[in-house]
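Residue numbering begins at 1 within each chain, and the chains themselves are lettered A, B, C, D, E and F in the order written.
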Amino acid sequence: MKLIKAIIKPFKLEEVKEALSELGIDGMTVTEVKGYGRQKGHTEIYRGSEYTVDFLPKVLLEIVVDDSEVEKTTETIISVAKTGKIGDGKVFVLPVESATRIRTDETGAEAL
Amino acid sequence: MKLIKAIIKPFKLEEVKEALSELGIDGMTVTEVKGYGRQKGHTEIYRGSEYTVDFLPKVLLEIVVDDSEVEKTTETIISVAKTGKIGDGKVFVLPVESATRIRTDETGAEAL
Amino acid sequence: MKLIKAIIKPFKLEEVKEALSELGIDGMTVTEVKGYGRQKGHTEIYRGSEYTVDFLPKVLLEIVVDDSEVEKTTETIISVAKTGKIGDGKVFVLPVESATRIRTDETGAEAL
Amino acid sequence: MWFKGLTLGLLAFCFTNNILAGGVETFDSDYAAFMETSGSSFFTVSNLWLLLAAALVFTMHLGFATLESGLSRSKNTVNILFKNVFIISMGIITYALYGFNAMYPGFAEGSAGIFALGSWFNPADIVTAANMTAEYADYTWYTDFIFQAMFAATAATIVSGAVAERVKLSSFMIFATLLVAFAYPTAGSWQWGGGWLSAAGFYDFAGSSIVHAFGGFAALACVIVLGPRLGKYSDGKVKPIPGHSMPLAAIGVFLLFLGWFGFNGGSVLNADPYLVSLVFCTTALAASGGALGSILFSYFLLKKPDLSMGLNGFLAGLVGITAGADVIAPGESIIVGLIAGAIVVLSIIFLDGLKIDDPVGAISVHGICGIWGTLAVALFSDAATIGAQLTGTLAYSAFAFLFSLIVFSVLKFTIGVRVSEKEEEEGLDYSEHGQSAYNI
Amino acid sequence: MWFKGLTLGLLAFCFTNNILAGGVETFDSDYAAFMETSGSSFFTVSNLWLLLAAALVFTMHLGFATLESGLSRSKNTVNILFKNVFIISMGIITYALYGFNAMYPGFAEGSAGIFALGSWFNPADIVTAANMTAEYADYTWYTDFIFQAMFAATAATIVSGAVAERVKLSSFMIFATLLVAFAYPTAGSWQWGGGWLSAAGFYDFAGSSIVHAFGGFAALACVIVLGPRLGKYSDGKVKPIPGHSMPLAAIGVFLLFLGWFGFNGGSVLNADPYLVSLVFCTTALAASGGALGSILFSYFLLKKPDLSMGLNGFLAGLVGITAGADVIAPGESIIVGLIAGAIVVLSIIFLDGLKIDDPVGAISVHGICGIWGTLAVALFSDAATIGAQLTGTLAYSAFAFLFSLIVFSVLKFTIGVRVSEKEEEEGLDYSEHGQSAYNI
Amino acid sequence: MWFKGLTLGLLAFCFTNNILAGGVETFDSDYAAFMETSGSSFFTVSNLWLLLAAALVFTMHLGFATLESGLSRSKNTVNILFKNVFIISMGIITYALYGFNAMYPGFAEGSAGIFALGSWFNPADIVTAANMTAEYADYTWYTDFIFQAMFAATAATIVSGAVAERVKLSSFMIFATLLVAFAYPTAGSWQWGGGWLSAAGFYDFAGSSIVHAFGGFAALACVIVLGPRLGKYSDGKVKPIPGHSMPLAAIGVFLLFLGWFGFNGGSVLNADPYLVSLVFCTTALAASGGALGSILFSYFLLKKPDLSMGLNGFLAGLVGITAGADVIAPGESIIVGLIAGAIVVLSIIFLDGLKIDDPVGAISVHGICGIWGTLAVALFSDAATIGAQLTGTLAYSAFAFLFSLIVFSVLKFTIGVRVSEKEEEEGLDYSEHGQSAYNI
């Protein structure tokens, strides 16, 4: 099993979710985050002083999937979330050792 | 060391925390997240248009524990967070390569 | 590649970000979280009843870096975020199997 | 019988204009003649003051809405706001259709002064010089209606706060409608309609009992029937459930304080400079005393300066002075406030000990301090005896409690008064409304 | 020509005091003499009431600001608040420099009553007894100005809500200034300045058409030129974009309700007890009817008690009664409100079907219900014929629509009216202001 | 000596009713006789206006509370709200116990007009016809008290904003009490109590100096003693610490604008139609000018339309017109506002350069613009000479600055005025109150 962490632009969330859902991905966990990256933050102004806000609103998806599904999941995310403009985000894949569904104690792929 | 990621229902947080604390788990990090899963979101209505809110409020616990504690930690979380109803959440376990306590530079199990 | 998860005190965020930026770390993802740890929460009072708020506001940095950069990154975080007082936080390192930049489909170190 | 009356009243009410067509001309000249008299001057300014007071009391409904949302969890915010939108709309309309005339014109000669049913809204004779000039009062019939209508919904709003976060919306709406449309005008008529309590020498200037204790004890009954929120009292301990937004709560309390100038000041029922200014002073001093009393007393008990208690203290002082705002001296009103501030702290802690779960403290603020305020009239002025005050405040509290206990119990055993555990956990915003209060 | 006039007016206006130095003494004694007359009493209280009404209408601008922010996404909040700060400041000042005199003193003898240009602000004769006593009206010239100035900015605020979340700030500021400074006074003068519509028997008490339909149809034109927000209508489906804070929205609506007592009540233009109290009643009853109408009707359509519709319902009822608040009977005003509440629900759903994206429902609330309210005058009173009402409301709607269509299109093809996709995605707070509304 | 006076005053105050028992009957008949006179009509409406103005000024305290919370970080919100609850309660009560009589009844014949101690609150002769009729003023003694009491707390509220996010609660509470209870009435009596400044021809209509510069320079002294927030000026750079909620800040500013109609309009001290309407116009025009001035000027300097500056601009314009709202012509009040709007931008940037950390801009808005407003009286009217204005404004600024410097320094070296670094980092909500403003 793998944990896919995808950082995307907030307005793409709905679309990505729908695409994954069509793919049969039944679950994911979403966090509002602030992203720092190449997409440079604006020079903001507050009461007369400038400062750079490097942190832009992003959305972090965390999806645990079976090894076999990693590829199509990441590909779907990438193709749907892509706008081609800077700041589109990243997809990271991490190993997961176990997964359990709290309700049923099922583990492994059953738990997803 | 392992990172335990547990997604639970928000109202179970307090109980889980207490149970873990009794177990001697000294630390954890908690994030408010939105969960998408089998527990289907409601059909919501906003100013006359229906839409499905698939994202339900959940709480994500992240706990790094020594390998020896993984089992009892996950078991405790599972038993306390279980309501038996859909949407109870998941527990994922990921490998952790190192841990450091910022204050003291201690690493490994000392850091937890 | 590794995922560095650093939990720090919120007011240190700006400083850490600047230090990392000088180091050439081009990206990171930041989440507001609640931390439970040795730094004991206050006994709070609400309308006449006491309760312990064990959850203190923290900031979670997630940074994926190339293996070669792990050390200097964690060291920088640790040295800048340290106040020497309880509750300074932790740095965890997790293995990452792959990284992709959504905009360009670049993978690996290119993607960071 | 009463249903036919209601229908007729409704119809008649809706076609006022047509019915009135005949009488308009005499009205115009009579009214113009009155406006030429020197007495029209005090009438005009008094009338304006009562209208402004009505607007201030309206502001209190925004205050209640924000206070109640602020002191609840964010997952129940839409529900709370919705209830407040409903209560004020329903309150004004039912008061127009029935409540006002049941409460006010008072009782027929020789009646027992208990139940004023029969005086249905009868629009045919509203727009007359007798209703729109000093013959009626220091304000017009319309002013009277709108000022009293703004009060009417208050009782239900008080209950709304106490049952928040777990009550079933439909049941609450039915209950609130019955409370506002029938119970409040009936009870109100006992005193303000010239009924048996007014005959008994009871004194309640702006409604410490008639509005606040009434609302507070209705709330108590409902909370007892309903039970506490999940997780509030577990393992024999009280687990505070802090409100989700203190700024919202503070906005609510300041707006309530502001509105109270209209609630009490308007209850002078004219613009008499001495009385209205006295009432403004006693109201503000009691409120201030209440906040300081709560802050000091809770600091003494709990060793922390507690904002939530300070906010409740303002309201405690305000409720406390409401019965005697025109007869208690300013200096003493500080004392009334200070005591109310201490009482509300004790009461909140005490009720929590009894596992009576009242998220906003409505029972303590309105119920207990309402009783205190009613008694304070006897202690700090000569306006009434302690006996009369006890009788009156118990009558209102008991009636509200029993009415609510019965109606809410009936609802409980028929359609149910509480959402399911699942719905409560998810929050009423999802389960009842399919909306969330906060989005990205 | 007009530019020279503006400059002269501006200069003259700025040195009122000096210019006036000569006339002050006669003013003082004339004014004092008037204040001794018995008529000064009604004048004084009427004047006070209009000033308070102005303050209440001012409160509506806070209501608009919070309602509009609450119903938009958090990333556009600074932008919305900024627009509201700008609109009210710009509105008051342009109204002082030009609008008030263009709209009010009315038309010269024999004029066509269409365009009042020429009556520039001329301060030399403002502070005269004729302007500051009952000779002028039941209030002073200054009171007249401030009360009307508070209305003036409303039209632009209505548009602001409809174009929220994607309009380019600079273009909007230009458009709003032209609308408030020129279009509104011109159109307003047709009726309230004694122009051709007032001659035609049109009746619009406080502005269902003159203010609300005018604003609503200006909004419609702008929205058509501007297009919907990204993602609102994708794959042929309507995707609701819920507002970010229902408490903010609710605060806004309650404050608007409160302010409407001044908007309608002040439009009586004196403190006449009968009329002002009637207007308070019809206003509150129509608002309540509106909320219940929307709640019931949307429940019937959508099976959920919808807070956002309940809030819109309040406003629908208020807009609906605005044209006839002084001539429609209280009972009928409930019906006007109920119907407005149903209309607004249908209208919002209908416009969404047409892909006309109006984040706050301004077109439905102000535009459609403004027309309804104007027609209701003919249906529920004898104050005007349906023909006159249709003429008037169409004149205002069409003028506002065409003016806005032309001006906004010109802006579109010159400096552009819409932010880039990127800016829209990031939110206007970042892209236009470099500020964010919420921080840690 | 003074302590005995205080105790006696307190006791006497608390038993007014009893003491008065004897005199009530003559009062009743004398008062009734007055109310029959034709003069009672203007008295009644003036009295009502001042009470409403008091309610509007009360609203400003909600405005301050929300503005200050909005412009601070969320971790200090409970603390800020608590301070505001405390200030208004303490302010009203200390003003009743001491301040009002020290400030107002003025000075004995032949006194130096500097310190009015001695005129303790003596309730025995309050409820007399002389105090409750036109013999006293155009309003009753009670009205006088409540209107002035609402002003009194303002000075402390201004300081509260400037020291936010790091001041130790207990020290602030002591300081605020001393400032409101003693310093403000003393200084106020110099002018409004008929003291030396009023003799010197100083003109300050509603308190640009007496209230605002006074508060602003008290704030300056406290900020100097206190030092900047951690992290505000690091590496020689200014690091802005944006407020946590712009909607809260905007609500605050709009409410302050609204309340200012009472602050300035009520300072006419009667309902004179000409003067009150003039004051409404100058107030609104200066505020609008201030917002536009700040927006334009900050846009010019910083190339971004800055909401936080626009909001400050409103307040700058309002403070700027406060001294001369009744003597400056409407056109010129726009200019006073525009200049104030530019001044506040410069001042905020300038103070930041000096590392004087004022989270809400209180020193600039109230202090610097207070001076500007005081001088503007001499520049734009004949009400006072520039010399008199300079003397007055410097007297208030210097007195407030020195008083605060001394008292706050004494506090610093005894119990300390600042929370620990750790507490500041965690936020005062945790460390001082054990509460958090926002919960789930």
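By definition in this document, a residue touches a chain if its C-beta (ideal position, glycine included) is under 8 Å from a C-beta of that chain, and two chains touch if they have at least 3 such contacts.
What you are looking at is a predicted structure, and each value in this text was computed from that prediction instead of being measured.
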Tell me, which chains sit next to both chain C and chain E?
A, B, D, F
Taking contacts as defined above, which has more of them, C-D or D-E?
D-E
Rounded Å distance between chain A and chain C, as computed from the means of their C-alpha atoms
17
Rounded Å distance between chain B and chain D, as computed from the means of their C-alpha atoms
45
Where chain E and chain F are represented by their mean Cα positions, the distance between them in whole Å
33
If you average the CA atoms of chain B and of chain E, how many Å lie between those two points?
51
Residues of chain D that contact two or more other chains, please.
38, 41, 45, 48, 52, 75, 239, 242, 245, 251, 304, 306, 308, 433-436, 440
Where chain A touches two or more other chains at once, the residues are 31-32, 44-46, 85, 94-95
Residue numbers on chain B that touch chain A, as the complex places them:
2, 5-8, 31-38, 54-55, 58, 60, 74, 77-78, 81-95
Which bits of chain A are touching chain B when the two form their complex?
1, 3, 17, 21, 26-31, 62, 64, 94-103, 105, 111-112
Note: in the complex, chain D contacts chain C through residues 238-242, 298, 301-302, 304, 306, 308-309, 312, 345, 348-349, 352, 361
Please output the residues of chain E touching chain D within their complex, sorted ascending.
38, 41-42, 45, 48-49, 52, 56, 73-75, 242-247, 250-251, 253-255, 257-258, 261, 265, 271-274, 276-278, 280-281, 284-285, 287-289, 291-292, 295, 304-308, 310-311, 314, 328-332, 334-335, 380-381
Could you list, by residue number, the parts of chain F that touch chain C in their complex?
75, 230-231, 239, 422, 425-426, 430-431, 433-436
